[in-house]
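Look at the two complexes coming up: chain A is in both, with chain B in one and chain C in the other.
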Partner chain A sequence: MKKAAAWAILFLGVTYFVLPLIGMVEFSLSMRRGVYSFDAYAKVLADPQFRQTFSYSVFMALLTIVFGMFLVVPTAFWVRLKMPRMRPVVEFVTLLPLVIPAIVVVFGYIRLFNTSSWLPMTGSTFGTNMLLMFGYATLSLPYMYRAVDTGLRTIDVATLTEAAQSLGAGWFTVLARVILPNVLVAVLSGAFVTFAIVMGEFTMAALLNRPAFGPYLQLMGANKAYEPFALATIAFVITWACMGLIQLVTRFSKHTKAAR
Partner chain B sequence: MSETQLPPPRRRINLNWLGLVPFALFVGLFLIAPTMKIVIGAFQRADGSFTFENIAGLFTPSIIASYWISIKISVASSAIGCLVGFLMASAMVLGGLPNTIRSPLMTFSGVASNFAGVPLAFAFLATLGPLGLVTMFLKTQFGINLRAMGFNILSFWGLTITYLFFQIPLMILIITPALDGLKREWREAASCLGATGTQYWRMVALPILFPTILGTFALLFANAFGAVATAIALTGSSLNIVPIMLFAQIRGDVLGNPHLGYAMAFGMILVTGIANVIYIWLRMRSERWLK
Partner chain C sequence: MSFLTISHLEKSFGPNRVVKDFNLSVEQGEFISLLGPSGCGKTTVLRMVAGFETPSAGQITIDGADVVRLRPNQRNIGMVFQAYALFPNLTVAQNVGFGLKVKGAPAREIASRVEEMLALIGLPELGNRYPFQLSGGQQQRVALARALAPKPQVLLLDEPLSALDAKVRVSLRNEIRTIQRELGITTIFVTHDQEEALSMSDRVVVMHQGIADQVGTPFEIYNRPATRFVAGFVGTLNTLEAKVLDASTGRVDVAGTEILLHRALTGKTATLGLRPEMVALGQGAHDTGLQGTITDVDFLGSVIRLRADVGGQSIAFDTFNTTHTTPPRLGEKVVLGLNASDLLVIGD
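Moving on to the complex of A and B:
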């Protein structure tokens, strides 16, 4: 009885999650009347705007990941090693982006860094790109910090640092050659979440007027019939791939640890 | 920088805080300062003088209506999300289902909770939209016309059903560890004392889980309240919820008063802020039991 109810609940839930995905894929394949075809995908892939916005977003995502890594790893390391009393504060701050809606943050950017302000970042293309990258870094901060901090928890930071220092390592060597390799898996899973977030982000890019993938998706949705669904399928595959890769790296790391 | 660790240098000037400067600089400049700019701007006139006019300006029928419908959608989607997520998670953890289900379901929850925004809106348009998969199926196979029954994807229920796609997985991700934390001994102790299954749930399990559930509700609420992209891609501007209105205001000052935009954004921070304070407070309470 109980087991049957559990199966029923699970079945209903899975149906709810699978139907929209089927609907999306089905629509994306039905551009040609009567038969399934990849016409919509071909159309999308041939669109120069798709290539531009897609590669722009990929580039921004990679930039955000590199910046986030340089920001988060030393900070989390330093907090663990030297300033454990600051941990609750730093942790609280890193969770703020979940509280403050992205649209509010970017609204603040537009007002704070406009052309007549003390730091006119929105005045140039380069400045706006940097601002968008900082915005993405803020959005991914909760995930990145938590991932790295969890990674640091599993290793003995203080001992490793002292051991490295007594062998003559400077701070850079300690971070780059001792700490980073040990938390690489955590950094990677943070990086994949960041990648998924940046690829799908709409609000910030749209309000800062940058040619990213999210605004392009929305534009296509308003103007085309079948292409948006092909694009949505592509976006879903990207998210799925990122999460799958996280699982893969985590499993891989467990494996190497067990083998030792 | 490379001072030796022992003995503890009590009298020396502590320069450890220098290590946090890059982080503080980044967060201060790109998270705190922009938010403060909005908060302060909500209480300023165009010339910079202090005022409550903008906040008072929020209390016009159209803006109140937009807050009201936003809150309704957020409450509905997080309440249903909590309920369904709870049922699915407990079916998985306690329902005696094979263990192989767990890992795929958790991974999928991770994907689905991140699959928000524009693509999600498209997926639901393709399913429940006027020409969507389910809409057409019901029409041709069963003669049920959803549209004639008053259902429209660009409406309160349409948006709520769409939001559930990321709300339910988030609930599953958060509640599963809590359900794992329910100790078998508690159940055994309860049944030793003669409790029925219902009594165990009503008097032992649910009171323990209650803070987590309510806290997650607050988190889901904030999550739905701040969602912009899904709503814009789904409804365009036909449904006046707060994020859409604010988006239009930032793009083109549709309210005709820039500082009213600040006030709207401030209202959003206030609502999500309160929801999250409740979440954090309840989370601290629940962690007492689930260690």
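Moving on to the complex of A and C:
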């Protein structure tokens, strides 16, 4: 009886999750009347604006990942090594983007960095792109920090650092050759989540008026019937591909097995 | 002048003074052990030599140069840790060559030194393995090779055998000592295991509450303990309270038996130490016999550890297990034979 109830709950859960996806994919394939076709996908992929926004978001995602890595890995390392008492405070700060809506953050940015401010970042394309990248890094901070911190927890940071130092390594060498390679899987997990967040982000890109994939999705949704569903399917596949990559990287990492 | 000198070293963590006026001179090629219970400050001293802790006061010189202000990576010191601390992302060969690579040595030199070091530790065929593919003993050998590869001036060993099982510990401690002698490298070894310290060291520093209680050869430490703590910590020791009958000649009364120590004493009572192996069952050829009653018999295989009550004081002693002798029974009256010269007068 208990088993049957468990199966029933599982079935309901899967249905709740899968049914809308099936509906979305099915509708995206229904552009041609009476038969399933990839017409909507072909139209989307042929759209130069799709290619432009998609490549822009991919580029911004990569930039955000690199920036996030350089920000989070040394920070998490330093907090773990030298300021363990500050960990709850740093964790709280990294969680703030989850409770402060993106629209609040971006309005803050615009207010602080507009053309009449002391640092007029919104006055140039480069400055606005940088601002957007910082915004993306802020949004992905909770995931990136947690991933890296969890990775650091699996190694003996203090002893490895001291071992490297006793062999003549300075801080940069310790980070680049000892710490980073050992938390690379964790960094990549954070990176893939960051990638997925950036690819779907709408608020910041729209309010900073940047040609990103999120606003393009919204634009298509407001004006076309089938194409938005094709786009949503593509975005969904990208996200799941990222999740799959996390699993693959973890599995194929040579040295991540625990020491005996 | 000594190769490594530690003078008036102090370390406090907040209000806690964990190392107090620590002094030590180590000759080149000497193997020194810092021995003491947990929290006695031995690891803190080692970490200050390595540069991982900054002394609150004092000086550390290596080959005449003051190193206190140098960062750990500038001290040319090799260190082996209790937890191995091999870099999990690097192979054994890469681990061993890490220090040389950091120093910018040419690839050919690194390869030849790595080969030499792996041969030295007896693992020449394991260069391509990752640390997780090695046993604990093999990992610690690799850690030793890694520490030695850049040819450090001083080798520091922070309880490197503690995480290993008993058999591996014994074989590895012999290997470490052999390698240390072969290379003639000045070594400081931290341990809480007295057997390790006594068997491996040229000299032992017994530490207690941040102070070096006694510095001496293993023979001196064991046979002539300078303080009550050293006497109790190193080896098993029976302590006997004696009444001083004549302070100038050292005539004392132990449980109703007069013993002449042939040394001057102070005070009306004295605490005497007696190693179990210096006591025999029956007086035999010994100059002193104490009357006692057996209170405990522990069969330990090759030896039998006995405990006897002597005038209200307990004395543990060992007798060899032979098939021809029956061990005494509980409550049996016995005579414990000992020589007065084997009694240690224990100071504070």
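Going forward, the second predicted complex is superposed on the first by the 251 of 260 C-alpha atoms of A that agree within 3 Å, B and C clash if a C-alpha of one lies under 4 Å from a C-alpha of the other, contacts with A are read in each partner's own complex, and residues count from 1 in each chain.
Everything that follows uses one rule, which is that a residue touches a chain if its C-beta (ideal position, glycine included) is under 8 Å from a C-beta of that chain, and two chains touch if they have at least 3 such contacts.
Quick caveat, the model's predicted, so the values are computed rather than measured.
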| item | value |
| --- | --- |
| If touched residues of chain A are counted for chain B and for chain C, the larger one | B |
| Partner chain in contact with A:Val93 - chain B first, chain C second, else both or neither | first |
| Contacts of A:Asp156 with chain B and chain C, given as first, second, both or neither | second |
| Touching partner for A:Pro181 - first (chain B), second (chain C), both, neither | second |
| Touched partner set for A:Gly123, first chain B, second chain C, both or neither | neither |
| Which of chain B and chain C A:Leu167 touches, first, second, both or neither | second |
| Chain C-contacting residues of chain A that also contact chain B | 162, 165, 170 |
| For the chain A and chain C complex, residues of the former touching the latter | 155-156, 159-160, 162-170, 173, 177-178, 181-182, 184, 254-260 |
| Footprint of chain B on chain A - complex, ascending | 2-3, 5-7, 9-10, 13, 16-17, 19-24, 26-28, 71, 74-75, 78-79, 82-83, 86, 90, 93, 96-112, 134-135, 137-138, 141, 162, 165, 170-171, 193, 196-197, 200-203, 206-207, 214, 217-218, 221-222, 228-229, 231-232, 235-236, 239-240, 242-244, 246-247 |
| Residues of chain C defined as touching chain A within the complex | 50-52, 71-73, 75-79, 81, 83-90, 98-99, 102-103, 130-132, 134-136, 139, 143, 146-147, 150, 156 |
| Footprint of chain A on chain B - complex, ascending | 1-2, 5, 16-17, 19-20, 22-23, 26-27, 29-31, 33-38, 41, 84, 87-88, 91-92, 94-97, 101, 107-108, 110-112, 114-128, 132-134, 164-165, 168, 219, 222, 225-226, 228-229, 232-233, 236, 243, 246-247, 250-251, 261, 265, 268-269, 272-273, 276 |
